[in-house]
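Presented sequentially are two complexes of subunit A, the first with subunit B as partner and the second with subunit C.
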Partner chain A sequence: MRGFALMSPTFFYALLLLAVPVAVTITFSFWTQTYLDLDTTFTLANYQEVWSKPIYRVLMFRSLTIAAIVTAVTVILAYPLAYYISFHVKERQALWIFLITIPFWTSYLLRIFAWKLILGYNGVINSTLMELGIIGEPLEFILHNANAVVMTLSHAWLPFAILPIFVSLQKIDRSLLEAANDLGDGPVMRFLRVTLPLSLPGVIAASLIVFIPTIGDYVTPRLVGGSDGLMIANMIQVQFGKANNWPLGAALAMTSMLLVTAVSVAFILVARFLGGRVR
Partner chain B sequence: MSTHPIIQVRDVSRLFGAFTALDNISVDIRGGEFFSLLGPSGCGKTTLLRMIAGFDDPTHGDILIDGQPMAGVPANRRPTNMVFQSYAVFPHLTVAQNVAYGLRRQRLDKAEKASRVQKALEQVGLGALGERRSNELSGGQRQRVALARALIMRPKVLLLDEPLSALDKKLREHMQVELRQLQRQVGITFILVTHDQEEALTMSDRIAVMFNGDIAQCDTPEQIYQHPKSRAVAEFIGGMNFLDARMTARNGKTVTVDAACFGRVEIENPHGQDFASDITVGVRPERLTLLIDDNDRAEHEMSGQIVDASYYGDMTYYSISVDGRDEPITVSMRNTVGRRILASQESVRIGWGPESLVPLS
Partner chain C sequence: MKIKFLTIYAVGFMIFLYLPVLFLPIFSFNDSAIVAFPLKGFTLQWYENLANEPGMHQALINSLKVGIATSVISTILGICGARAVTRYEFFAKKSITSFVMLPLVLPEILVAISMLVVLLQLGFSLSLISVALGHILMCVPFSMAILISSFEGFDQSLEEASMDLGEGPLMTFFRVTLPVVAPGIVSSLLITFTISLDEFIVAFFLSGTEPTLPIFIWGQLRFIAKLPNILALGSLMLLASFILLCAAEYFRRRAQRRTGTEDSVI
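After this line comes the complex of A and B, so read on.
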């Protein structure tokens, strides 16, 4: 009882911040919006709508695809950086890690606007290429579409992905690498058979850290995504805002939450399985 | 045992910045022998072993394995395998997978591979543990996995970096015997790094004693123990009484010394060393005898008084003060049936012969 009393402040704090909002969202998702009022009779109608209307399916699928691409791009960029710092920087590794985070001291929104300036119609890339005469008119495909979302988000998540990978690489006992060498492996085989499997926990952590918030992001798609870069979170935002249909928004939110959970669990299982098969 | 050197270390130095970890070392290691590198912490044993394995390169000098210069040959192409001090057992693999790790390049079929792994595991007494994860193993079992993993490669030379230092005393002594038997059985050259003198003495065919990046003496265990070249070697291996003496004559394989309380004696100089006229003479405690009965006799005798007795079970070490020397002399005595332990203050006679004395540089 005493233990519970000691624990309870943090417990209630967590309850308030996590469980209550989720519970409220779940409850809303079973209600119906009737113009200005809420009909509180239990119904699955919202979920039926979410699963049957193509627009939601398209958005859901696009969100998962973009999040998967962002995750892949981020982890593939982060791994070599983390590897380099862990294995080739002999002194002041902490300083390097610190330097990598510097661009992230500015606000998230400012960084998105910076990307708009770089990628935009009259942006840095287009005007430079036009000045140099490489292109005649501004490139369209780099802003207001899914590519721009991938680029912006990958950049935003990079340091968060570097850290867990770096930590897992740091934890690898260097004599294991020498042992692999000693037993006949060259650098490539040694990487595939020892370094990569042993850094897998870091890669999994990094992937989830990137994947989960990307699904829920609605600011980046709104600002750089154009119409074919819009994602499910934008639709949820619309339901809670302009459309004023909270129950439908809640059902969309719950559905995407379940999907993210399912995809994440599947990802962990597959990664573990593949990792366990490396010999 | 062949006599052609499997490993030749020629004038090898290794500098880390301004620090000299190995200073112009040369040594030949013969095919099939059990060779130990013995020395205190930081003397450069691991550094030398790592250069033979190919994890590090000499700053100067060459290492040849089986007559081939090893400069520029990476560790994965050398006919050596290593048992690491930390064992370096792969944590993400099972015991059998660990042992099979190095077989990948040999492209064996599954059955052949499995049977070789099983054989290697049985060789080190782990036959039933193939499917264990390596984090479910004890220290001694890990050490055996590391050993099996290296032996299955059938290397020309097996390098062992303090493989037993993490084990408790009982297990360590057991493994010493096993390792030695295994080495005889497989006939592979073993190079063992250790800072445990007893381990080196009991296991090796030859020992190189190292201090501060240099090999002080390279010889058989008997030679190292009975005829250490220098005081440092003698001090590192076993206990010894040291006496200041004057050398009065040197004659081929003997020197004549004048040592306090031993008088003038001609003693062997088996290494034919040169000495300054101020020389140190060493006497092992078991090379002196206590003459307890009145009618016990020895070639030479001196009398003294017991200061202290340390009882070790099988042996007793007596500190005995003698005339003409400030420090007591240590004499050891086997506790045979019926022999009593002498008490402090008792007067005794110490018997010795010229062969008890060793000249040291």
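After this line comes the complex of A and C, so read on.
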């Protein structure tokens, strides 16, 4: 009982400032905005609008696609580094992990801004290439599209994706690897049959902590995405800002959370199934 | 051979990780209003401009207020939570802990709009307090994670000895527990302060008319002429974060040495 009493300030803070607000926002999504007032009669109209209008479907699909690509890129790039630190760095592991996490703690806005400087019309890449005489005029296709969004977001999430993979690699009992060696597996087969399946929980965790928040990002699309790179969160932000239709914004947010959850659950099931079949 | 390839990969990875952000300080000393190579010459002009930017000074003060409130309160909540988790068994411990850690994985926009809806429904106006409330929610999981690892190795017999020698629970906490776990607490204070200082999305929705530094920067991004000043300000913020994080890491390692869990890396 003392444990619960001690936990309660933290617990009730999260309850009051997270669970209650999310519940209220869900309720909101069943109401209607009538000019300046709220009509509080229950209606599914917002959800009907979200599911029927092509613009929302396009944004939703694009957001899921971008988030999936970002997740794949991030995990694939992060895995070898986590592996390197776990298996090949003997001393100073903590220093490596610290150096990797620093960028994650620094300002997210500034990191996106840095990418805008690099990819921009007069940016680092274009001005360098022009100076070197490789191109005659600035390349326009590098900024203001979905690729720029994928690039920027992947870079932003890399540090965060390494941690869970690293932790799961650290937990692997090294004698299992020796056993695989003794039983005749080469390095590749040993990796595929022992290391990779055992680090699967880390890969799944890394995928989820990248995939879920990526859906909610509106700053990166705003700064580097142009109109082709806009995502569902930009629409949510517009509904809570200029358009001033909060119930619709709430319905959009809840729908995207629902889709993200569905995709995540499906992903976990598939990953576990595949992981269970190796061996 | 394989090890060599991985080493090259790791070095390349680190360059890729750090390079984009390094362009900020590089161009902040460049004597040109346009961000492009080749560099024109060295100047401190953009940093001097910051001194005459009253809007920025106010934003800095706002950020400091929010950051201090956030770090103190989220660390106190983190201490309660971490101690409960490491020391006691209680009903639904696992579910409660996961729930408290939830903001770590939720999209920030969801946290931000939900709080916005509730605060305005209840008739509160947006202010620095609402920003701090949001930041505390997001920082508690980080504080808990740091403190759990520093409380975990704590030797309980020290506390029992203190009780046997006649100290009450409160004095035992202040005279025995606190000194041992103090470095972990300092580390948590510094990390949560850094998160709050740099946080954008929640502040964007909840700050009302009082901007924090990232919100100020966002507002200035519209003006091309202000770009070099933003580079200077951004570089200073990166430097501040870097120093704070190094200090936090130093204290985190000290915390682990004190409780004898030296080999844990994270």
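By definition in this document, the second predicted complex is superposed on the first by the 266 of 279 C-alpha atoms of A that agree within 3 Å, B and C clash if a C-alpha of one lies under 4 Å from a C-alpha of the other, contacts with A are read in each partner's own complex, and residues count from 1 in each chain.
As a working rule, contacts are C-beta pairs under 8 Å (C-beta built on N, C-alpha and C of every residue); 3 or more make two chains touch, one makes a residue touch a chain.
Remember, it's a predicted structure, so these values are computed and weren't measured experimentally.
Of the two partner chains, subunit C is the only one touched by A:A253; subunit B is not.
In the superposition on chain A, contact of A:T10 is made with subunit C only, not with subunit B.
In the superposition on chain A, A:L198 makes contact with subunit B only, not with subunit C. Contacts of A:Y108 after superposition: subunit C is touched, whereas subunit B is not reached.
Comparing subunit B with subunit C, more residues of subunit A are touched by C.
Touch criterion not met for A:A243: it reaches neither subunit B nor subunit C. No residue of subunit A touches both subunit B in one complex and subunit C in the other. Across the complex, subunit C is touched by residues 1-4, 6-11, 13-15, 17-22, 24-25, 28, 77, 80-81, 83-85, 88, 93-94, 97-100, 102-103, 105-111, 113-115, 117-118, 120, 122-124, 126-128, 131, 155, 158-159, 163, 166-167, 170, 187, 208-209, 212-219, 223, 233, 236-237, 240, 246, 249-250, 253, 257 of subunit A.
Of all residues in subunit A, those touching subunit B in their complex are 173, 175-176, 178-186, 189, 193-194, 197-198, 275-276, 278-279. Of all residues in subunit C, only 2-3, 6-7, 9-10, 13-14, 16-18, 20-21, 23-24, 27, 34-38, 76-78, 80-81, 83-85, 87-91, 93, 96, 99-100, 102-111, 113-118, 121, 133-134, 136-137, 140, 144, 191, 194-195, 197-201, 205, 214, 217-218, 221, 230, 234, 237-238, 241-242, 245, 249, 253, 265-266 touch subunit A in the complex they form. Per the touch definition, subunit B reaches subunit A in the complex via residues 53-55, 74-76, 80-82, 84-86, 88, 90-93, 97, 100-102, 104-105, 149-150, 153.
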